């Protein structure tokens, strides 16, 4: 990220899982507001990004989050049949299933991404899901995708160099 | 004239944390939701004999009145009919709370004097531990001998009837693998003992308790 | 208040020159102790001040206050801010407030981003350090994002001024009359054959004991006579399409086999019906009386029109009847067996739902013996018994015709019980005291109320409780365990026996009575889930329609232009229902009289140069806002139809669709910032 | 139809008449019962009072034995056993701490356990598996004219009954009706008999029994039918004491399986009827057997 800015995470707390959440404006974001109004307590590891609909969640957002150091991603939408935009949540579900396969290929455990239907009245469910997922991530340990990607980059460069050298040698 | 008693309770009469401990026992988690509606007492066939009604016991536990609860006859009169548990509008498992209180009272030896029920419970447990099964007639005889020998005399007619109807069994039922059962039960008390020792508290195991004589 | 100066002359082109530089102002709100007690606001402000592009970073006690908003406005002018970020409460609460402040300061209101550090942070976390870390990350995400915001304009859509009111109980009636009196055209749709709802079944109303019919009937007639109100009874909403300002609603009108305009309610047909005896249970009298297949729901029904029950009428069922009713109505010819179900389409701009409640089924608590012992009745049944126009002409009698000398009222039947309904039904305490007073007045019986807690918070209600006590009604605090008919004592022979712990006296009692009245609680209508889907609303877990905000928007819903009133939102008494109905009507009027609605500019748009013409977005749009322009081979979005869900944006394989306010770039930056 | 069978201690002692009637009736209906080997006491309510975890271990030993037996459906006729086995399963499912200690204990005996056993009561099996029609077809000697108060007691229907209504159970009513008896409305059918207290606090426990007996008499019952060995004993054995305290309430209490055996025409001598303190009155039809059987000198006209 930008140079010269301190890291927000203090080492005193040790490693903390980072959970990025994409919540739809109408159901899950409102449910999270309700959890707040009801003063339900949950793990502070979650960072919510508000979208109008879970259908807006582009798989790239999820990959980007992992690439930027997230340990898990949570998507929250309205219950099937309750979508504010009729069926955006179904689209999210379909995309989510496809994404799962891709993530497996990348070696990212399935438990790191979760899709949940949480309606505006289910503040308690927000608490439950967030706590549950943060605990799961804690058990899984850090994903460290940014570092892994660097390592992959180094491998690739090395590979390219060897290929290049071999090619040169062949010439 | 009736004797005049002072009934005020001071804060020192409470045992802080008792309520929370009971609520921590498996099955007793719903206790904080009690709204003191009295359905449990109304549904209970035995509440009319109790010194505190089941509803009052809930209130006393919540308010940490440990001595009052454990020495009451309420927990011993509970016949485990589960009427209160299925009727409670807050789904508090009152019967399970009564069990938790009975266990506590036995463990601390504070049950009311002259109540034969805890003695029955102990004798029952002891017979299961040694034989694996219960032979009711033998159990009752032991109970009478320990708690209320006069009752043996008064119920001679019942015993006679049992003999006549072929139900007076004197040969104890027992299982074959008694060691297996004993070993299994031992794991519970051993683990618990270790856990308690780790917490720095000492409580007698049921086996030890049974070894003691009844007051 | 503290402020730290940021390094405005930072890196990158965007911040380089004076005119084109991004100059962000950041504000973090303490919200009194609400945020400040958990999040270290000064630390957040300090941290954000170090971020590139941030020229100003402040923490302040109450950002939503007038001085707070003025602070933003003056800072924009003084510090030439061109982006503003406020970290405070939920954007659903105050986004509009701050956008307006930004606009007043001379900036485009969409150069603004809000950070929710109250509902999503200080209220849900305890650890001050971790909460502060989180707040910093949240703030940074917004700062990163807001750089990429664009200047946007809201669009205005005109509002169709007609209103649909669903449900003709007291709430719906009051809302319809309010709107009609304001000169708006109202469609009032009621499922039952008459309007009036539950209130029409009541005898007197608490706490004033004025007669329900006397205050309701004039309002019902006013609905019928009102030039601006179109009343459709025996009708249901079948389909709802469109959006705020422009709803198209399909109404299903069930056939009553009677032409409403021709029938005058003379009831001669009823007398002539081939069924000589009235033998079918009468819904209005909760089965306590009988009616014929052709009937009028109750004497004061509006409209004053008979109807034919298709389940019972011989002609409708078999086609083989002498049709004596037709003869009776020979001169008016109002009866029409050829009537069919009819679908009517209307266009309205706003909708009020006042669909009411249903009563808890007392059979679900078998301990109270409802359905088993004939003299165990529900509160509504007693209500019909005490009404002078009811099946017994106001006589309270047992099933054998004799007068009860003792009665017991059991409160909270089905309510405050985790196995049935968790909630308090709010009206039963008062309702039961009212019935108890009437019971005593009519029969001089010894009346006992069995309660857990008496809840009498309404105006005049505590006084009414006192009146009940002084009139000699007995109160026993204890939830009744069971009602049985077996006697243990001589005085119990032939009686219903209540077993209860008198928790105040401190012992269990058996109390024999002649009659038992069950104060059954309120429940959401059986079809509340279907209704919710139809109107795209949210329901609470219990099934009540969910208001947009429990305090600040009690009659609004999450769907703009749809409002709720009365018991469909939760149990309430008549005054509260009327108050909500008036509020819902006022909300409609506010929208209608402004004439237009401003639409959030979060619509999707096509980057034509990237569109490959694959058409995969076309079927995704539920609003058919995307069309295909065959001439250029590219998709087009009609922004007037787009509702801004962004599903097409996420699905476009070429990345050719963007969404205002939620552009890919903005979200990527938000992700980047939030994980910094 | 085959079931694992857990009789429990009572059926070998005070409640032996229950087993004596249950086994032939089940056999007559083609139901095979395989008794668990080396089963132990379920712990009943008494053990729970001392130590709930140990009580669960006791019960779990039987459940684990059933799971490793040939049939996962475990039939248990005693209400206390039925309750304790169900409760152990629930605790095992709901509370990780109980699960851990049960698993630890079972491991010492090398008994694997996955909580797959289904605990069944004879009423459940007879009503749902055998069926009322099959029972009716076996009736050769309908018990017409016999008025029966059906008494279920507490622990069968509360709190774990899965096969019948907790407030107003009807499965025994239906079975008895199939035998031709007149089943009386008996609102006390699930009230507590005071069983666990009669031995220890008789003035309390017996009062509950007295109320049950008196109401049955008041309603004109000839006999009370029950499903629990403890209930049967309480309602049967203490009449003289009850009479002394509150007056007469004399009525016989038998197991419903005994009535089934009678209706099936099984030899009354094998059904354990002689073990009652208060004997059942002669059947209304007993004097004139409807079948072409020779009157049995042992039963004809004799008090059953």
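As written, the chain order gives the labels A, B, C and D, with residue 1 at the start of each chain.
Definition applied: a residue touches a chain if its C-beta (ideal position, glycine included) is under 8 Å from a C-beta of that chain, and two chains touch if they have at least 3 such contacts.
Just so we're clear, the structure is a prediction, and the values are computed from it rather than from any experiment.
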{"item": "Chain pair with more C-beta contacts, C-D versus A-C", "value": "A-C"}
{"item": "Intercentroid distance (Cα basis), chain C paired with chain A, Å", "value": "35"}
{"item": "Rounded Å distance, chain A centre to chain D centre (Cα mean)", "value": "58"}
{"item": "Gap in Å, rounded to a whole number, between the CA centres of chain D and chain C", "value": "52"}
{"item": "Rounded Å distance, chain B centre to chain D centre (Cα mean)", "value": "25"}
{"item": "Contacts with two or more other chains, residues of chain A listed in rising order", "value": "none"}
{"item": "In contact (per the touch rule at the top): chain pairs", "value": "A-C, B-C, B-D, C-D"}
{"item": "In the complex, chain C residues that touch chain A", "value": "11, 47, 50-52, 90-92, 116, 118-121, 123-127, 129-131, 133-134, 136-138, 140-141, 532-533, 536, 538-541, 546, 550, 558-559, 602, 620, 622, 643-647, 649-651, 659, 662, 664, 667-668, 670-672, 674-676"}
{"item": "Chain D residues within the chain C interface of the complex", "value": "165, 167-168, 187-188, 211, 215, 218"}
{"item": "Complex contacts: residues of chain C adjacent to chain B", "value": "367, 416-419, 452-453, 477-482, 499-503, 506-508"}
{"item": "Chain D contact footprint on chain C (complex, rising order)", "value": "366-367, 484-486, 488"}
{"item": "Chain D contact footprint on chain B (complex, rising order)", "value": "26-27, 45-46, 49, 77, 79-83, 85-86, 93, 95, 99-100, 102-103, 106, 115-118, 120-122, 124-125, 128, 132-137, 140, 143, 147, 157-158, 161-162, 165-167, 169, 173, 175-177, 180-181, 183-185, 187-189, 191-192, 206, 209"}
